[in-house]
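What follows is chain A paired twice: with chain B in the first complex and chain C in the second.
Presenting the complex of A and B:
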């Protein structure tokens, strides 16, 4: 299982582009990538190329969202594929973190 | 110069039709003028042909010069044959052709439909009639194009014989209850359709079920007059007093269906007198008599059991002279229950005076004829505790079912990988669901465990077993210890089993009746009825209804499962708000409501902010609180 993460920073806004699986084997790399962000006031997690998630991956994402929110950093997940978005909805993530945080991919 | 021709016609009539064979004969030499129409003429040399119909005769005249040939076409209820061939559209004709016009008459017809009911107690007949029609052809003036049609001159209704219907009934083995008058009416009817009951069976005469007359209840019917006269009624019986008499069942008479088969009557029910303690049966079980003195009790929702409970009568106040009262049967107190004293009855409690800073616990009904101040009253025994527990368990059961379904749905999603669940256990997913969508589940479990621990009575051990399992598996980090899905299924099955057990432990509904309540807590499995001025700052919880229909409710909390009916709700100043909880399908009716009253259903809350008359609040099908009423200025 593989996950590639590319980070772009423009005007204190960081965008992390994910490509691969968000699962038990890749969650460490996500946490490391986010922890490297310094002096950022907004983080966008681009899920365009995420094809699978598992419970460990979702747990990690929710942990990251909570951490960023507690630090006053606005965090959003963008371009979520429909299948992954449905998983988030079943779990009630948009109800917890806010509908505006989760943006489904436009097809 | 155009020539006029006279034509003669020979006709003949066939059965069921009117047929005219027409021979066209040239009588040009007769020079008889039959007239001209505008479309016949072009000029003096060229003249259109024509056709006319007079007295059933078709007369054709050929065109002259370049005039047009006449045409004939077929209208309704006729057939036209040209030289022996039937025409289907407009056809050109001339004087040399052999033209037949055939009038199409129709014969009358009828049908008989017989329908026999499933139980063969009724035979219905439908007669459908179609009249025959006789047509005649109308005269048509001379024209280039003629359409020949026939008009109905006569309707002939079919004749149905009574015997034909009787034969039909006979063929269908209908021999009993034949209604010849109705059949005569149907056969004589001149219309398209008539339905009648041709035969009807005789219903069997029902027998009479056995009936149990509870003699002592005649005393109860006199209770109102006693109360009106200021006396307090005491229902009691003595040894060997007849409590109930059974009237034996009476057999009915057989009937007969339309085919002549005997229809047996329903077997009358023969219910025995069911008895419990304090009662015995004599005269082959047809009479029940008391074996002890006490209060007769009839209990049970479907099967009624008769018993006599001993009555302990306190002809005084319950206070320093008597101490606390505890008795296996019913307790009657002719005075009041005074400060700090308690009364505990295995049966019912009746207090003719007040209950002041006291505690009253009964397995059956509680009646306080005057007021209850700072008093705790509980009726229905352990059922009251079980009712509270059942409510929690039902909510929990729904939430667990929902969570389990959500887990199954998640695992069926193509974008959801379950590889980590195999490595770490199913609990990983349960934890996730509890962290997000089902955060209320640990709270419900905690409240359930707390209620069990606060109960000062011995409840069914199954409850504590389930509570422990729920707490271990679904609270704090418990879910992470779940390895297999089967563990969750077992947990849900145990909750379901516990719900069924608790439901079975809740016994007959019993009521609490009191004249006035203040700063008190009242709980019962049945209804709470406040007959007087009302309820002030009290907690009332009823498994049935709460009725304070002519009184006021100020402050406190009211919870009911069926209905809450109140005269005046809240206070004019709005500073003593009342909290009303509507359970299940409960509805609230109040004649007058002040602002500050809170309505609740589950997690939903609604605050009344205006004065209302005739307010009604309920929970709709979507589980939402609704109310209506007349707002007051």
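Presenting the complex of A and C:
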């Protein structure tokens, strides 16, 4: 199991629960899952069970955020593990999309 | 269709062969037409000669035969009579002395106009006819003319005895009246025999002439196309790349080949100069490239405080061989990236590196392996045990990186910059303790060291 995605939709708010890692072998599945969402005004990406993300994964996240933003959909990434958050920071995603979009996991 | 193609295939090749082929055809046609007219002319000459001969013999016989005696055989048709015997002997002597004459006999006109009968023949005609037998006239006109003077048939005539050329002459009595006709035959065979001899001789001349012409033509063509061979040989030398552009053709034929040779010499001279200039430029640009490479290497080395080492291609070997090989993994498909990460995780955990260090190393390996998948399709990752840590090397045969983009790749992190590829290098530069990189058109080699002792310690 490399990456498992569960989608929950409540009142036009979609929550995607991820379980696994995000690299070149799994980025396609996350893009597909997001592209399937219709009539949604808010998307939450739950990274609680994400074990690893590299720059390819970050690149895809960035692409998805840009797309959702351009469609007027609010997007947030929640429960980012510290090790993964470090990569987000190195590649400057909070700077581009705003600190409030990325929420670190509480230990 | 197939035949035409086959002929054309044969026709391909050297000019020598083509010209010999053409000349052979032309010469054959000319020789054949000459020989056939020669044969035609000689056939007529032969025929005329035999016509004269047969007429002469008939005339001789007619002049020797006594007209009165011949006339007497009309009233006493007796083959045992003195007159008959005398005339027969006379004819026999003539036939014996002339090998071409097959038959000789006398005829006389019956009371009608067109009917004729045999009278006396040479001994060899006895089986064929006898005195008083009907003679079938083939050409009335000739017989009519033979009443007045010796004459021959225009052409061969065929009767039940064979094909003959005949001559006729009138037998006259003492009053000058025609009382009969002598007819002499030459068989076609004796003429054909001579003509066959003539034909064989013509054939012999044809073969000899053709052989001689082809040989002479071949020699001439060979001689005149020799410079062409030289040119072809010389150009083939250039084509193969092992020819010497400084070598000059020396053709002194005083014709187009000499001009061509001079043009070739000029062209090769120009090519040689161009080649030398290009080689100089290449050398210069190589030196320039080396200079730029050295600047990049030094700048990157000092900015990273000795962490990032750009290497010349040849110097990468000791880096790739240092220490002991622990494991190796092929990077071919996306799932191999995770395999590589799992491996480095295991290896570093065995070496008791900190979890943070392991995480960072996994990130570096993920970036390097992903680069192989994205840019090179195939690569080999090795994990080696070195003196104070682990070295991960990744080699591929991809198109290599562009040197002028390298500083951006190494020093600019993240997506705020417009460079979308190579942000992984920023991560590698941040988390690996030592980096060795060599890249060229032949591929890229990257080595990352993860050391046990913290470098700040």
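One rule holds in what follows: the second predicted complex is superposed on the first by the 106 of 107 C-alpha atoms of A that agree within 3 Å, B and C clash if a C-alpha of one lies under 4 Å from a C-alpha of the other, contacts with A are read in each partner's own complex, and residues count from 1 in each chain.
Simple rule for what comes next: a contact is a pair of C-beta atoms (placed from the backbone, for glycine too) under 8 Å apart; a residue touches a chain by one contact, two chains touch by 3 or more.
The structure presented is a predicted model; accordingly, all values stated were derived computationally and were not measured.
Under the clash rule set out above, the superposition-derived model of chain A with chain B and chain C contains a clash between the two partners. Once chain A of one complex is fitted onto chain A of the other, the partner contacts of A:21 extend to both chain B and chain C.
Looking at the shared chain after the overlay, A:5 reaches neither chain B nor chain C. Look at A:59: by the touch rule set out above, it reaches both chain B and chain C. Looking at the shared chain after the overlay, A:93 reaches both chain B and chain C.
With both structures placed on the common chain, the touch criterion links A:83 to chain B and to chain C. Judged by the touch definition given at the top, the superposed model places A:73 against neither chain B nor chain C. Only one of the stretches 92-100, 146-154, 182-190 or 416-424 in chain C has C-alpha atoms clashing with chain B after the fit on chain A, and that stretch is 416-424. The residues of chain A shared by its contacts with chain B and with chain C are 21, 23-24, 52, 54-56, 58-59, 62, 83, 87, 90-93, 95-96.
Within the complex formed with chain A, the chain B residues making contact are 406, 409-410, 413-421, 423-424, 428-429, 431-433, 435-437.
Listed in rising order, the residues of chain A touching chain B in the complex are 21, 23-24, 51-56, 58-59, 62, 81, 83-84, 86-87, 90-93, 95-96.
Here chain A touches chain C in the complex through residues 2, 21, 23-25, 52, 54-56, 58-59, 62, 83, 87, 90-93, 95-96, going by the rule given at the top. Interface of chain C with chain A (complex): residues 333-335, 337-338, 341, 356, 359, 362-363, 366-367, 370, 373-374, 413-416, 420, 423-424, 426-427, 430.
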